[in-house]
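To start, the structure under review is shown below, and the notes come after it.
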Amino acid sequence: MTMLLDIIGGLLLVAGTAFLLFGGLGLVRMPDVFNRIQAGTKATTLGTLLTLAGATCLQPAWGVKLLLIGLFLLFTNPLSSQVLARAAHRSGAGKSEKTSIDRLEEDQRKKP
Amino acid sequence: MVDWLIHLAALFAGVAFLLALTRFIKGPSAADRVVAFDVLTIISITGIVLAALTEGRGIYLDVALVYALLSFLGVIVVARYLEGGF
Amino acid sequence: MIKRLVVLLLLAGIGAIFMSLLLGYTPDNELNLTARYYAEHTAQDIGAANIVTAIIVTYRGLDTLGEVTVLFLTAAIVGLVLAQGRQQNSQRSQRKLPESGELLQTGSLLLTPLILLLGVYVFVNGHLTPGGGFQGGAILASAILLMLLTDPMRHFSHRLISVLESISGLIFITIGVLGIIYAGGFLDNRILPTGSLGQLFSAGVIPIIYSFIGLKVGAEFSSMLVNLSETEGS
Amino acid sequence: MTDLMTTMSLLLAATTIGAALMAIWGKRSLPIAILAAGLVSLLASVQFLLLAAPDVAMTEAAIGSGLTTFLFFFVLGRVRGGSND
């Protein structure tokens, strides 16, 4: 039983860090700031949550603390990425040529 | 078996660390570097959890707890600076 | 050119010194005399699971008092220097700042109590986990920082911060003096029973002292932050 | 200390030196230099943790993640804003 749990935990660890790897890859490959924020925060949040779940399987006694870490990450990551994206938009960061829709700018133009 | 999987996970996390570091060094604007900094913090949390697993010491997780709750403050500080918020 | 050459030579010399230190490094196989004393006597004398905390609060408690005093002096000097640039309330509303946004305000409402709670957890559990008063105080001040980032024009009560800081310092000293009367000496932690190792209510008065150090440090950092944010941009 | 920890520690040490160099040179851009200094703080904290000093790591985490960055950027913003003085 514990053997099975260990193997599940290890596989979850590998899956989580693979998502971290994809996040890092997206950070390097994406063309502009906003796409990088997407790649950098969503993928790494999922990756860290999977890693924490894997660590919980490996060491069930640490479950409460790992759960708290995951909860705090879920609270704070969207906040920081939204504030950063808005700051980048306000400070006029360059958009990629493929970007065709910018709802925030339309909104700001509608109500001055 | 489990040790091997943990080593593979550490390898993946190390490669992700290096990729985010590339963006931190290369990033044309300050906002790019802040995103890379955020990702580096999150990868560090994973690294701390992996270190706690290999050493078997649960008290290391307190540092990860502090980072999970406080790391967004640095990003918000830089964002507010970029938009002239203080 | 000569200047750059001198700098390079200096760097090379420092590098050679550190290299020789690094190559000659051999890790100690056993603890030296002082470390062995602490490692053997902490658990039975003090009752703290974290030896570092026992050293900081009890064995070297006087040094910690000095550190807290240094931090207090820093906060006082920051307040003194920045007192001239203090903004009047009528002037403060003149500067136009971009609004912080709904998500940041709501998130700050949720996260400020959480950060305060984490700070309290860190300094109350200082004798069990690698935390302590100074770390907990810095985390408390981070909550104040989040409130300031959400609303830079928010007003904090200076009187409340200074009263909190003074009372914490006073209680710290009082517990130290009680140690002279009821136990072995200044800041001796055996006023209260040491309890069983690893429990929250153990290690004598170490959790109480560390809680008040945490409150004091948090109040000092907060007063620095509030003073900074209230100065006008010259 | 296992092999894994030693490798992580060496990677962190090399990166810390690189980030410190970046904070010094930084192409004369102060925000980037401050961000690089923050990165040094983060890496040093993880390095302290790997070298089995979790209390020092926690101090570095609590101070370096929010307060120092705020101090530097706040003063930078005030200096930049008051350039007409």
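In this document, chain identifiers A, B, C and D correspond to the written order of the chains, with residue numbering beginning at 1 in each.
Rule of thumb we're sticking to: a contact is a pair of C-beta atoms (placed from the backbone, for glycine too) under 8 Å apart; a residue touches a chain by one contact, two chains touch by 3 or more.
All values derive from a computational prediction rather than experimental measurement.
Asker: So which one's got more C-beta contacts, C-D or A-C?
Answerer: C-D
Asker: Just grab the chain with the largest centre-to-centre distance to chain A, centres being mean Cα coordinates.
Answerer: C
Asker: Could you work out how far the Cα centre of chain C sits from that of chain D, in whole Å?
Answerer: Result: the chain centres lie 19 Å from each other.
Asker: So what's the Cα centroid distance for chain A and chain C, whole Å?
Answerer: 31
Asker: Would you kindly tell me how far, in whole Å, the mean C-alpha position of chain B lies from that of chain A?
Answerer: That pair's centroid distance is 11 Å.
Asker: Please output the residue numbers of chain B that touch at least 2 other chains, ranges allowed.
Answerer: In chain B, the residues touching two or more other chains are 6, 10, 17, 34, 50, 59, 62-63, 65-66, 69-71, 73, 76-78, 80, 83-84, 86.
Asker: Could you pull out the residues of chain D that touch at least 2 other chains?
Answerer: 54, 57-58, 61-62, 65-66, 70, 74, 77
Asker: Using the touch rule from the top of the page, what residues of chain A touch 2 or more other chains?
Answerer: Touching at least two other chains: 72, 76, 79, 83, 86, 90.
Asker: Which category does the touching pattern between chains fall into here: line, ring, star, complete, or other?
Answerer: Per interface graph, the chains form some other shape.
Asker: What are the touching chain pairs in this one?
Answerer: Pairwise, the chains that meet the contact rule are A-B, A-C, B-C, B-D, C-D.
Asker: What residues of chain C sit close enough to touch chain D in their complex?
Answerer: 50, 52, 122, 130-132, 134-136, 138-139, 141-142, 145-146, 149, 221, 225, 228-229, 231, 233-234
Asker: Over in the complex, which chain B residues touch chain A? Could you list them?
Answerer: Going through chain B, the ones touching chain A are 1-2, 4-6, 8-10, 12-13, 15-20, 22-23, 29, 31-32, 34-36, 38-39, 42-43, 45-46, 49-50, 52-53, 56, 58, 61-62, 64-65, 68-69, 71-72, 75-76, 78-80, 82-83.
Asker: Going by the contact rule at the top, pick out the chain C residues touching chain B in the complex.
Answerer: Result: residues 97-98, 100, 104, 111, 114-115, 118, 122, 129-131, 135, 139, 142, 145-146, 148-149, 152, 229 of chain C touch chain B.
Asker: Which of the residues in chain B end up touching chain C in this complex?
Answerer: 59, 62-63, 65-66, 69-70, 73, 76-77, 80, 83-86
Asker: With touch defined as at the start, can you tell me which chain D residues reach chain C in the complex?
Answerer: 54-55, 57-59, 61-63, 65-67, 70-71, 74, 77-78, 81-82, 85
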